[in-house]
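Please read through the structure below; I'll follow up with questions.
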Amino acid sequence: MAFRKFLPLFDRVLVERLAAETVTKGGIMLPEKSQGKVLQATVVAVGPGTTNKDGQVQPLSVKVGEKVLLPEYGGTKVILEDKDYFLFRDADILGKYVD
Amino acid sequence: MAFRKFLPLFDRVLVERLAAETVTKGGIMLPEKSQGKVLQATVVAVGPGTTNKDGQVQPLSVKVGEKVLLPEYGGTKVILEDKDYFLFRDADILGKYVD
Amino acid sequence: MAFRKFLPLFDRVLVERLAAETVTKGGIMLPEKSQGKVLQATVVAVGPGTTNKDGQVQPLSVKVGEKVLLPEYGGTKVILEDKDYFLFRDADILGKYVD
Amino acid sequence: MAFRKFLPLFDRVLVERLAAETVTKGGIMLPEKSQGKVLQATVVAVGPGTTNKDGQVQPLSVKVGEKVLLPEYGGTKVILEDKDYFLFRDADILGKYVD
Amino acid sequence: MAFRKFLPLFDRVLVERLAAETVTKGGIMLPEKSQGKVLQATVVAVGPGTTNKDGQVQPLSVKVGEKVLLPEYGGTKVILEDKDYFLFRDADILGKYVD
Amino acid sequence: MAFRKFLPLFDRVLVERLAAETVTKGGIMLPEKSQGKVLQATVVAVGPGTTNKDGQVQPLSVKVGEKVLLPEYGGTKVILEDKDYFLFRDADILGKYVD
Amino acid sequence: MAFRKFLPLFDRVLVERLAAETVTKGGIMLPEKSQGKVLQATVVAVGPGTTNKDGQVQPLSVKVGEKVLLPEYGGTKVILEDKDYFLFRDADILGKYVD
């Protein structure tokens, strides 16, 4: 398989939206009404962060494996190994769920 | 319950609007005329704040439990455990009430 | 009374417009023609100021009790205890009157 | 007289436009054709200047009493003691006349 | 041959899009539906990077030979020796593939 | 004569466009076709320059007496002693001619 | 001859587009279809560069005599001694050719 890993660049975060049914299994009851898009997702890969003007790298605020809440709009669809993923900027992710 | 806590990111503040009736119980008589939206709310969760270009984190100006005055426009609706919450940026919150 | 004090946030200033008649009592003869709005006001409460990128708080240029000249446009109406107040940014206030 | 002095805020400059006739008395022959507005004016009051991000106050480039050339557009009309004055930002004043 | 090497300037990256057929040879199955453009490419040449305000050069995040994922829009077509190449800003490249 | 000298403010430069005929006397043959405006001019007065955020004054890049090339658009007409002059920002002047 | 040298200001670069025929003499076969404009050019004169906010001059990234690739749009036409030249900002030049 030519491709094993996709690394987002700068402050981009690669996420996979939760499948609709798993969401209702006693978890957060998020009606699908926001244009049929599930807004919860799992972080699959994160970029290195951006360098501020003093050359310091500012790490991202989410880590691989965390559950996050996506905004309704924005994001770039990326197809990897026939599956849909989405790229969001770290700053656009609304929040994360901690157990 | 899979989810217990939702953490807003950066300078976002999670608020819950006061129920219309409690507002009138001798408190601030805020007529609902601003498009039927109650503009008072309680802070439910706050983000860590944003990092300025020198890497210093700038804390938010509101704390959990405080009563705040929301602007008429803006905010992102977030449904958690079937209840409506709203995410505002710290800088967009107009002010807070101190007893 | 549940509410005693309203604290504006950041660089916001809470003002109360002078009543139309007091203005004419030998004071500044400001014709009401600017869309029927009195442009003089008294400062009722001030925010803490904003933090510059070095973390220093920059105090506001007006104090509680001072008489200020408002711009014709802008400002956010806030109803507190059934009275109309207005929130302006410190930088938008045109000037102040010193006796 | 309730009001004696009006202090512009930040980098604002209060000016009074020269009366049309004095201008022609051997001085600069400025035809009135720029929408009937006299573009010469005298500085009546100046603000304290703005604070740069390091907290240093940057003084204005014009002083009270100086003769300045105004741009054709911009400026806010302010009526003080029944006379018309105008507020301009220091940076918008084109130049000054030195005898 | 007058020209042997083309050096992009600042933070520009010169890329060559992968030929459509090689992509399907067991590699990432990227349907061509995004307006018939292949979004994978190989980096052919990179600029020196931009200088931040302190005069430090900020190196690019991709190197010659790396496989990258391009955004659907943007980029400038450059014809060198009768072949099509494309110039993208480093910050616009979505991510890179690591074997 | 009430006025002897006009001082531009900040980074403004006062120029006088060359008379059309002198330009053709063996000098640069600049056809007048750019909307009938001569684009060569002589610098008549310069402002003190602007202060950068550290309070340092950044001098202008043209001096009084130099011949400069003006952009086709922009500039503010200023009439001094019945003659037309123009104010340009230092940064908008395209270049200068050195003998 | 009144004029011998034209100095661009700040970060401007004066270029002369290559004549259409020399380009095809075994060099880069650049079809003229980009609105009939040759995109290769030679650098004729460069400005001193711009001063960053700390007062340091940032030199340009191209030198006199180098062959550069121009963007399709932008640039200001300048006629010197009856010949057409063009002024571009250093940052807008796409790249340069090194033998």
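By written order: A, B, C, D, E, F and G. Residues from 1 in each chain.
The criterion applied here is as follows: contacts are C-beta pairs under 8 Å (C-beta built on N, C-alpha and C of every residue); 3 or more make two chains touch, one makes a residue touch a chain.
Listed by chain with UniProt protein names: A, B, C, D, E, F, G = 10 kDa heat shock protein, mitochondrial.
Being a predicted model, the structure only gives us computed values, none of them experimental.
A.B. asks: Which is it for copies subunit F and subunit G: same residues on both faces, with over half shared, or different residues?
C.D. replies: On the two sides of the subunit G and subunit F interface, the residue numbers are mostly different, under half being shared.
A.B. asks: For the two copies subunit D and subunit F, what rotation in degrees overlays their C-alpha atoms? Round to the nearest 5.
C.D. replies: Fitting subunit D to subunit F on C-alpha atoms yields 50 degrees.
A.B. asks: Nearest whole angstrom, what separates the Cα centre of subunit C from the Cα centre of subunit E?
C.D. replies: 54
A.B. asks: Would you kindly tell me how far, in whole Å, the mean C-alpha position of subunit G lies from that of subunit A?
C.D. replies: From the centre of subunit A to the centre of subunit G is 44 Å.
A.B. asks: What parts of subunit B, by residue number, touch at least two of the other chains?
C.D. replies: 53-54
A.B. asks: Around the ring, starting with subunit C and passing to subunit D, what order do all the chains come in?
C.D. replies: Counting round from subunit C, the next being subunit D, yields C, D, F, G, E, A, B.
A.B. asks: What part of subunit D is in contact with subunit F in the complex they form?
C.D. replies: 25-31, 52-54, 56, 58, 61-62, 69, 71-72, 90-91, 93-99
A.B. asks: In the complex of these two chains, what residues of subunit C are touching subunit B?
C.D. replies: 1-10, 12, 14, 45, 47-48, 51, 53-55, 76, 78-82, 87
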